[in-house]
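Two complexes are shown next, each including chain A; its partner changes from chain B in the first to chain C in the second.
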Partner chain A sequence: MLLYTILFYLLSALILAATGLAVTRRNLVHAVVYLVISFFGSAMLFYLLGAPFLAALEVIIYAGAVMILFLFIIMMLRVADFEEQMFPPGQSIPAAILALGYLGIGAVLIFSDPGSRAPLLPAAAEPRVFGSYLFVKHWLAIEVVSLLLLVALVGALYIGRANKARTVATVNKENV
Partner chain B sequence: MNWALFNTEIFYFCAAVVFLVLAMLRQTGHRTSYHTALFLAALGVVVCIGTLHLDGLLFLESYRIDLFSQVCKALLAMGLLLVVCLCSELEGVAAEWHNEFYMLLFTCTLAMMLLVSSVHMITIYVSLELSSYTLYVMVALRRDKVTGTKAALKYFLVGVVASAVMLFGLALLYAACGATYLTDLVRLLPPLLNRPLVMTALLLTLCGFFFKLAVFPFHFWAPDVYAGAPNQLAAYIATASKVAAIAILMRVTAVAGDATGFLVDSLVVVAIVSMTVGNLVALVQKDLKRLLAYSSIAHAGYVLIGILSLTPAGYSGALFYALALVVMKFTCFLVVIKVADDGRNIDLDQLAGLHRRAPLLAMALMLAVFGLAGIPPTVGFTAKLLVFNAAMQNGYLTLILIAMFNVVISLYYYLLIVKAAYLTEPAAEPAPMPVSGPVKGLVFALVGTMLVTGIAPHYLIELARRATRVLF
Partner chain C sequence: MTVLLGFLVLFAKLAVVLGVLLFLAAYLVWVERRFLGRLQVRLGPNRVGLFGLLQPLADAIKLITKEDTVPAEADRFIFLLAPAVVAVTALLMFAVVPFGPDITLGGHAIPMVISDINIGLLFVFALSSLGIYGVALGGWASNSKFSLLGGIRGAAQMISYELALGLSLVPIVMLARSFSLVDIVNAQSRIPFIVAQPVSFVIFLLSAMAESKRIPFDLPEAENELGAGFHTEYSGMRFGLFFIGEYVHMQVLGALIAVFFLGGWHGPFLPPAVWLLIKIILVALVMIWVRGTLPRLRYDQLMALGWKVLVPAALVNILVTGVLLV
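Moving on to the complex of A and B:
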């Protein structure tokens, strides 16, 4: 069990560090690469928790397909020339203080709860079991999500068409 | 599985598909789309009323059809019909996107119907997301792209934060109880309620619904979205979307049982801050739609007073309040849409001389505004009375006093609207505003509903009582 524990905390630290770096990078391509690392970390975490199929999906879909799409968009839009700082110190310092305060409270909350010390039983979900759980038990939710994707498609189509005359970059600038 | 129980949802899904097909054909004129939408929305109301008595569980007990959900669905269907009635011009959206607008409108209504019937955390979450995403896209559909995109982006950012917070809350709730069905939570939660983890989890979960209802601290989107969205959509957000938010908030808070303490205290704080912030900021608004947005933030606070009572009386009061809000807010938006005939935003001053241009509209606006302020004999008074009375029975005297104080503050800006419509002299001699026959009929129906349900609300109160009884 000890080895698993060490691995768990190592992976968690890796994920946190990679995500933190991804959020703070000015260069969007670097940010995406850090995000890929973070997704790989979560995939390994899923594997460790006994969900190998979910781990494979995480790598294939998130680290693979979605991130490649992100890279495409970044390279096509060329919005890398943001000069100004994302948040001035006047905003980021209070935000950091609040976040740290919340971190403290959250840690106290979770560690003071008896549920946090419950031992987890080792378990593994086979792809078949996982699939039937998802598509039988949460059938309605899956259908709703597919409807959500349809709506997202309509929205993407509208925004893509609407900006034919003006490039997306100028709209972005106005909004920022 | 008994598919007959799922009729309403199937109907709205098919309606959305009809518009999807129409959008792909791209040959229909905007009158055709409007008439199709009107027909389908009216048929939807009939379907909803026809399925009012159904009762049962679907999808492995994750979806519950009961009187409460069916009453809410009927309210949502009526809200949709009313909004579609206003779309005859739909100047705020470019003509080639009308079919998409209707498709999203029907999908959004479907999502809210799924939301009010869901009793499983995952179903609740995905339906909430579906209803939010359709609204984001519809806000962006505004003809004036910069305004629309700005408002949609703001809506989206606040919404995403709220939904992330809610997901975190759901995860904590699952960690603490190991249950995702509301029916299991009813059993498991009450003894655990005083554990800090469970309290935090429940409160964070409620944040997603607070966003929908535009309650403090998730109210920042409301004024910008009301001002940036096409006028008809703003009417939809102010009416139907609020009904869904109130309904799901009731369903989720009902699992806490007759709890007191932290959960109720935090709801009290949220309610007080919402109504005070909403009312105070509304005092200085010039744009009519922004003013209505701040007034809905304040009204969300009043509704919360009913919900935080956690008693059948409070819940039925809140449900009645939802109905009252639909009628009153819709009447206000009807006037806004008719005055702003080219789909622009209007200022308070532009109401000047309305009583001479269109006396009927001015009268309806006055009644609706009096209703929002809570003046008898309108439906708004009855709703406030029910909610405050329920809180009084639980002994929240201070809360009621603060709420009454807020009502007095709100009178000022509500009367400003009446003054603008009746007393302010317009700069130039106003041109009379033609009001078509169907619109006249609609206005008479709304005025009649506001007065009749204000004077003789017994039947509706009884219906609300019976509907909310199934929650306990």
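Moving on to the complex of A and C:
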């Protein structure tokens, strides 16, 4: 049990340090690298808490796909322009207020739940068990999220199509 | 005492697997150069040792003794990190590949796999998606136009084909009813999955070749337009790490194709590990043969193949498998 505790605090320290560095870097590529390390740390935390399936998904989707897309956009920007890409410091005030609110609510939720006092036992959930739990108990939430994703997909397709149609129209007009 | 023994066995397995992987990576380079030479009606390296067999050793000495240069305007930290990411993720993927049935030694069953985690297949995907960072960041950090273009192409290509790669394996998981590579191999004790899932096999093979960035999918390197692309600026052993990463990746893909479609270590007469090795080398030879035969795809052809052919085909395949299973 002691080993798990030590690992938990080590990982938490790694995640906090990496996230802190990611937020404060002025070089966006460095920020992305630190954020990937942070996601990777969260994945290991999931693994430690007995959810290897979630850990793998965290790495594949967040550390893998989402951050690669971020990196992709950043790499398209010019390297010399990085300093000007940063937001003015004033914009971080609303972010700080929201973060503090989230911290407060999170703390209240965690300390009011009696389950948070129980010591954590090392366990591992089978992907099959996890899947049936998700789709039997939370099927409505899953359906809502899938619908949301479908809307996003249709929206992306619509924007892409609209751009294409407009370009074709402009070219045709110029030709006339 | 049992814990200590367990660690000893684990380290022995790690040492053997690492040794075989790196040795085979070095000799795959030799095989590729000789076999490609034959395909192109020339000799290939034949000066160092008998049949040029000492060529990998000479190459290693050359790479290690060369100066490790960093371009003046490069992002030093990321530039130095990127090759390691490529090599490490490729090597780690082998951790979940089983190379034989359990053997019993002194009353203890020793599994012939480094780690049989119940999400083995997803572990492979997680590492393969992290491997993209090596290419993308290496290309960006070099601060050279050729490298940057190579890195961007690499990232775009690898995320596009990762989708088809993942979707093509869903029917395999449905048939084996498990993410664990050990269970997937055990499910093929009678017939290999290539018989039940030929469409899946073709999609996986094509996407796997695109993931490994080899001809006809070598746009991130494209010698004649980008001059080696994402690793243009690398020298010495850091270039060597990219190289090791590529050839280890070839073996990992061979092993994965063997595990998912060719029945893994199953086979008559010969020991299981030898069968796995034969299958890996067979896949590698096919990949070299393809390299010697096909020209490079154009960028739009690459994207069209991935998104308009492989992904829809994989989705239909999942649907058909689901209907047939139910």
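Here is the rule we go by: the second predicted complex is superposed on the first by the 112 of 176 C-alpha atoms of A that agree within 3 Å, B and C clash if a C-alpha of one lies under 4 Å from a C-alpha of the other, contacts with A are read in each partner's own complex, and residues count from 1 in each chain.
Here, a residue touches a chain if its C-beta (ideal position, glycine included) is under 8 Å from a C-beta of that chain, and two chains touch if they have at least 3 such contacts.
From a predicted model like this one, the values you see are computed outputs, not experimental measurements.
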Note to self: Quick one: is A:115 in contact with chain B, with chain C, with both, or with neither? Answer first, second, both or neither.
What the structure shows: first
Notebook entry, point to check: Looking at the overlay, does A:66 come into contact with chain B only (first), chain C only (second), both, or neither?
Noted result: neither
Next item on the list: Please work out whether A:49 is in contact with chain B alone, chain C alone, both, or neither, and reply first, second, both or neither.
Entry: neither
Notebook entry, point to check: So, A:37: does it touch chain B (first), chain C (second), both, or neither?
Noted result: neither
Note to self: With both complexes superposed on chain A, which partner does A:17 reach: first (chain B), second (chain C), both or neither?
What the structure shows: neither
Next item on the list: Spell out the part of chain A that touches chain B in their complex, as residue ranges.
Entry: 108-110, 112-113, 115, 136-141, 144-145, 147-148, 150-152, 154-155, 158-159, 162-163, 171, 174-175
Notebook entry, point to check: So in the complex, which bits of chain A are touching chain C?
Noted result: 27, 29-30, 33, 36, 40, 43, 52-53, 55-57, 59-60, 63-65, 68-69, 71-72, 75-76, 79, 124, 126-128
Notebook entry, point to check: Inside the complex, what are the residues of chain C that reach chain A?
Noted result: 75, 77-78, 117-119, 122-123, 125-126, 129-130, 132-133, 136-137, 139-141, 143, 148, 151-152, 155-156, 159, 162, 177, 179
Next item on the list: Show which residues of chain B lie in contact with chain A when the two form their complex.
Entry: 13, 20, 23, 58-60, 62-63, 97, 100, 103-104, 107, 110-111, 114, 120, 122-123, 126-127, 129-130, 133-134, 136-137, 140-141, 145-146, 149-150, 153, 175-176, 195-197, 200
